[in-house]
Amino acid sequence: MSEKKLLVKGGQLVSETGIIPGDLLIEGERIKAQGLKGAFDNINVDEVVDASGKYVLPGLVDPHVHLDSPFMGTVTVHDYNSGTIAAAYGGTTTVISFSTQPKGGSLLENLEQTEKKARDQAYIDWSLHGILLDAGPKTLTEIPKLVEAGVPSYKCFTTYRHADRLMDDDSILKLLEVTAEVGGILMVHCENDTILEYYLRKELARGHFSPIYHARTRPPSAENIAIQRIIDLMKEVVAKVYIVHTSTAESVEIIQSARVQGLPIHSETCPHYLTLTEKELEGENGQFFICSPPLRVERDIEALWIGLANGCVETVGSDDAGVSPQDNLRLAQGRFDKVPSGMSGIEPRLSILYTEGVCKGKIDLPKLVSVTSTAPAKIFGLYPQKGHLGAGADADVVIYDPEPEWVMSAKNHHMNTDFSPFEGFKIKGKVESVLCRGSFVIRDGALVGKAGHGKRIFRRL
Amino acid sequence: MSEKKLLVKGGQLVSETGIIPGDLLIEGERIKAQGLKGAFDNINVDEVVDASGKYVLPGLVDPHVHLDSPFMGTVTVHDYNSGTIAAAYGGTTTVISFSTQPKGGSLLENLEQTEKKARDQAYIDWSLHGILLDAGPKTLTEIPKLVEAGVPSYKCFTTYRHADRLMDDDSILKLLEVTAEVGGILMVHCENDTILEYYLRKELARGHFSPIYHARTRPPSAENIAIQRIIDLMKEVVAKVYIVHTSTAESVEIIQSARVQGLPIHSETCPHYLTLTEKELEGENGQFFICSPPLRVERDIEALWIGLANGCVETVGSDDAGVSPQDNLRLAQGRFDKVPSGMSGIEPRLSILYTEGVCKGKIDLPKLVSVTSTAPAKIFGLYPQKGHLGAGADADVVIYDPEPEWVMSAKNHHMNTDFSPFEGFKIKGKVESVLCRGSFVIRDGALVGKAGHGKRIFRRL
Amino acid sequence: MSEKKLLVKGGQLVSETGIIPGDLLIEGERIKAQGLKGAFDNINVDEVVDASGKYVLPGLVDPHVHLDSPFMGTVTVHDYNSGTIAAAYGGTTTVISFSTQPKGGSLLENLEQTEKKARDQAYIDWSLHGILLDAGPKTLTEIPKLVEAGVPSYKCFTTYRHADRLMDDDSILKLLEVTAEVGGILMVHCENDTILEYYLRKELARGHFSPIYHARTRPPSAENIAIQRIIDLMKEVVAKVYIVHTSTAESVEIIQSARVQGLPIHSETCPHYLTLTEKELEGENGQFFICSPPLRVERDIEALWIGLANGCVETVGSDDAGVSPQDNLRLAQGRFDKVPSGMSGIEPRLSILYTEGVCKGKIDLPKLVSVTSTAPAKIFGLYPQKGHLGAGADADVVIYDPEPEWVMSAKNHHMNTDFSPFEGFKIKGKVESVLCRGSFVIRDGALVGKAGHGKRIFRRL
Amino acid sequence: MSEKKLLVKGGQLVSETGIIPGDLLIEGERIKAQGLKGAFDNINVDEVVDASGKYVLPGLVDPHVHLDSPFMGTVTVHDYNSGTIAAAYGGTTTVISFSTQPKGGSLLENLEQTEKKARDQAYIDWSLHGILLDAGPKTLTEIPKLVEAGVPSYKCFTTYRHADRLMDDDSILKLLEVTAEVGGILMVHCENDTILEYYLRKELARGHFSPIYHARTRPPSAENIAIQRIIDLMKEVVAKVYIVHTSTAESVEIIQSARVQGLPIHSETCPHYLTLTEKELEGENGQFFICSPPLRVERDIEALWIGLANGCVETVGSDDAGVSPQDNLRLAQGRFDKVPSGMSGIEPRLSILYTEGVCKGKIDLPKLVSVTSTAPAKIFGLYPQKGHLGAGADADVVIYDPEPEWVMSAKNHHMNTDFSPFEGFKIKGKVESVLCRGSFVIRDGALVGKAGHGKRIFRRL
């Protein structure tokens, strides 16, 4: 029985290396060929999708989302169902979420449980990173198995001592050792906990509880130092590292300087660090803008855009981790340090980057594709199955119409929350259609996919 | 009348972003489509080229060759005929050579003369950079016309005062200004002339004439400082710059540090700086290894490979500029400072980088394609016509067989000289066939192209 | 015949290493002994000066004044008479002024002329630096003679092309060479002329003539780059260098970083760079605040004070070079670029540094003595004859009363001008008495010295 | 009853600022006056010491010795008796040793016990630093009392976890906080413990037990990183810090760069880091050269001398901490990691620095006085009582004869051990006489002082 043939015709094909007018021939779940406009006109296809005047992108890969994640007494708003719907609306066709090691327990078991919860829920493909709480013998023994199980990436923290997540030098070095051995990649949330605790203690003692003190107690130095320390240890034990959600101007230089010396370090930032400043914390909805690291200042925004443009910052993940505004308020009771930190952003990644980055001349469209799709796919072992718009790749395709102009709002987004960090942003362009492995998930702006279409992707580096 | 259809089938298609098994459909001079293995089996083609077990690369672009160039009383060994033949044997399908402004004269006129000489000579495509000798009003007025004439790149020197090529701060700044205005790119040969002259004077006074003093009188500091000074000026007037033939470890850091600050600076190194050290200058054929900047030491080689791997050094050009050994000896008369500096290297770029880089794990094959083809094409305005292996690009294709092992020698190369800088290098793999705009230039290792097939490419940034 | 004996008794003796209560025994022109309070009570002296409650400092050395100096069509307000009077009022007992090489002429001849003009004029001791306009063979031959003639220090410029003073790399390197040979010290005014000219051209073309554009057209980068370039050349030819009037935050780091590598580089700042910002240029008297380099911003002021405190900036010279306000206005005719740049500041160095530095906790009193007296004396070959408050030194002594509080003004200063850059500054403490080689020049606040007491000091490094 | 008067006559008086021929008048325990040669000839004195042709220095201050210190199952060879005898022979008149907090116990009690042991033992003056094992509430409460008790300096470690001395970020930050409050100074032994443990584990596993592996397992990076981390924390909480025994080239730059930013950081090196390399560890007596940080390489030696010369490294302490060769061998049993690390060096500091530093042109004599006497006195609150050769200071005086040439050896030193790290060094000059508070301890090379003359010095910053 022959597979369905689809021709995406007449668009501007955007890859990380350039933009070329052309046609895409899809057969079943994969791209069969990429050709000049008209190249496949003589081939019989089941359906032709007209992409004239549109950009055709590889489906976005979101390397950093927290779906269905218990957190500080509540749970993130997005599960594998609602989260993948919102993601698809935003042009994302693969998300990598997390499976968390229970304290002292088995990450492999948690993987199974996570898989059970996610099964039949997802509209788009998904994959998993691990989250490590310790670097004890049990954990170190489990990591090779984790890698074999298709999870070659796992995150640790240099902070959150109260949540029992803090890793010290010894732990980090052990994780680097095992990572080097098994060929995995260690993801690190970098903020120096001693510095955070110092300022937290100080400001709370002064009776400072308002949201802006979230930023005051998590200074850029805490992030910069924590990154430098990971690099210090990488110089002793060379292993792949991925610094999640970098937010400071200095981080760009620190990481690039490590790379110049040949260290295999990768880094990510997020749409909110590229567009919002700590001033949001002083506004009416200040506490909904609490995330860690905190929003910074204009100077950091500029440096991060330059970092994206010149390759110093390689990916943009959403770090979607919001809880509901109701939970936020209930748990915080007016104290910034009680807010479950994190924002929802799984949907707007593409439109924000297109509007704020491409239209404002900070990055070009191939770079947008790189940072949101190709680079994460490569770093995390999904490429060229994902993040690629060429023959052999999964037929994950986004058709983006650059013409529409609209205003982003919690009222028109598809995320499972009535708060949008980007409320009021004027947006250029819109996701028109999204294919995941050859099937439409979004078509002409409407959800047409179904739960369960999304499959778990097992990865290998 | 329909164009000839050619199918390159069963190879590993290598682009700067990855390696994918697949087929290439060529129609006339262009690539019509890229597809999965077998994707075009139902299409009638005129000819099928079997690439099974071979790598299929976009034709190499050599951004830096000096064809038919008068120099210190002689002329370089390669003209547009012999040079493009040797280039083709090495997998190169486009070279960018130079047209030099006569002292006080018109670069545009020289362009015409160069074109005349080159016409009907070349086996592969070629394009031109300018070489500027001054930044006087006449020159500054000519640059916009140069850009309009398809020559948006032009080189200047921070040294060679005796050849009347030295540009001081004022000149460089003026060139940056006009470059910013017209959207061109300024190429700079960076060695601080004052430092060179100081050491030259000193060593000659001491009666030091042997080739190693070429390196002793052109220390790394001279190069590093000259690069830093260009960057200093770029901070005042932001314009695109391309640093040719960087050779030092420090240059990598200096340039990358400028990029982190957002400056549009590009850089190149050459195969000889990646594989040879100044020790060659102390050998029997020492004076044939004289080039500027000079060969350096192991530490520089390591840093340059790391720089290529991590994107800090973006291109590898040959800087083919050798004169014949006979001329070298005749003109030098035993004095290193009388040697016409420069080596022939237009042919071995691909095989050297594959053997020393890819096979030794220093770079991967997509990176090789990037630095020798895609990146130079992008930087100099040839992309995606050149440097690209996808639909719409010129059908410039290299089929590289990774299996053969052989020893490089002046006896088996095709360059017009009986000296090879890489004499005795054990090489892995060999260029099997080369297509330039759909026509075979090299087929199964033999020259089948013809003079005049190569066309001049007019560029636009 | 025995010499006059004087006992300075009961004061706080301040040296660059500390503050100790004690007595000074002076015999004739020199300090004979320094002892505990009462140590010399049994010795017969001709006179006892009570310094109870006062600080006793070594006489200040001003390493940078321009007395009787022709400049842009006028002459500086201070000659050897009026200048040394004002200096003495401010606690200075030695000034080093300049003798300028006539274009293409002999510096040695100018030295003689300068000496003639100065003879019998000075109230305090004086010495001379040379100013070099070129590095031609004649100049290079004269430098060793200059050093023999007691002038081992000479200044050159990286700017002022219109005044024929610009030295390029070649010239600087030659000066470093000869300086290394003769054991002299090269002083350099560091501002990159190309950058200055670029901005000057730009702003004048825009019709910007007001004083603030003096700062806008001489950006910190011009100074920083020029300093870095001197250091670049010092790495090739190691010779002593003294960077005059540094004004930027970055300069401190650049120079210190050279020192960490062992380079013999010294640096100076001035009272105005430590207290005033470019905002003065926007005020009513803006054009009287024009000096080169220009006044900078708060951040630079902070860095310079830290630099003084930690030894990175070693001296504070006045760079007294003001012309009369009348001349300033007449010559400028409303254009900042026509103002003879320079301010008068030969008098207030001590009181400004005491008030703004010591009283505000930025430096301590021993450091004040170091930067205004001991360090310049050491660097320029006057130590321990000058800059020292111990046995054997010239009896150059300042008695400073820390109690008085007063307001600095052109109305109460003794400089030969009705403009004071420090108008309105609230000052703590006052120079009470000043001895130069054992003789009172200032006594209880009144001038008691006489013209001709001051002798030329021939220096040797 | 009048005090004894002593005249030190005709010598070259060396202070940190210069060398001046002159006489010293001593009355009782203090210097009464410093004068020109002959200045005090009319004064009746009890004794005249002829210092013609000799250097007269302030008595040396050794800021870092471990007297009578229990260590890894034995005790250091020098107690307050034998240690101060050897120190005096070497020109030292004040030592600062340590009182160690018992694990979980009171440092104040240990101070009392230490004082008891030391009382009536010392030939020269002595003072105490504390050693902290933890930063618990009890310790933090005791520090202000320690400061009041005349011990404003206390050391902590970033290593030695097995000896329960390791301080983590939290501990260091708390110590900085309390240090800032009480105006003390925190001394830190900087080596990153995680890195040391990593290499130790690795090399032991490979069966590497010979002394050179002491250096291999304690790489420069461990020291550099540890210093950088202290600086990172100082940027959050500014407090005075003193880095003990720096040994690497990089440390000089790291520390100086912190100073340029205004941080109050001081640093020390030791004679062995200035003269010996890790090659000693490969010699016959290799294991006697084990100290921490380990001996480094030539490049570090060069950088440390430059650092001393330019003020980046401020002091040279002996870190005298040797155990007997017998104990060394007995405890190690052939394993480098079981050697009680530390060498004896309380005596040779002056002669080694004079010979290797002054005579070889690396530092001048005033700088020698600064780093071995004045600077430690100032940093630790002994100045101007100690470290000063002027009126009012304690009459601690060294007469150094520059003429003798001799060979250093365990056979001729006065340290209580038959091993000398400097065995065979050819030495220029010799300590002739030493006065401590006006009394001879060493006279014409012979010990004439007595136990108990040395008094404890209570310090205040």
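Going in written order, the chains are labelled A, B, C and D, and every chain counts its residues from 1.
Methods note: contacts are C-beta pairs under 8 Å (C-beta built on N, C-alpha and C of every residue); 3 or more make two chains touch, one makes a residue touch a chain.
Just so it is clear, the structure is predicted and the values come from calculations on it, not from any experiment.
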> Moving only between chains that touch, what is the shortest number of steps from chain B to chain C?
Replying inline: 1
>> Rounded to a whole Å, what is the gap between the Cα centroids of chain A and chain C?
In response: 59
>> Centroid from C-alpha atoms only, then distance chain C to chain D, rounded to Å. What do you get?
In response: 38
> Considering chain D alone, which of its residues make contact with at least two other chains?
Replying inline: none
> Can you name every pair of chains that touch?
Replying inline: A-B, A-D, B-C, C-D
> Residues of chain C touching chain D in their complex?
Replying inline: 15-18, 20-22, 25, 30-36, 39-40, 42-43, 252-253, 256-257, 259-262, 306-307, 309-312, 374, 378, 383-384, 388, 390-392
> Contact residues on chain D for chain A in the complex?
Replying inline: 168-170, 173, 192-195, 197-199, 219, 221, 225, 228-229, 232-233, 235-237
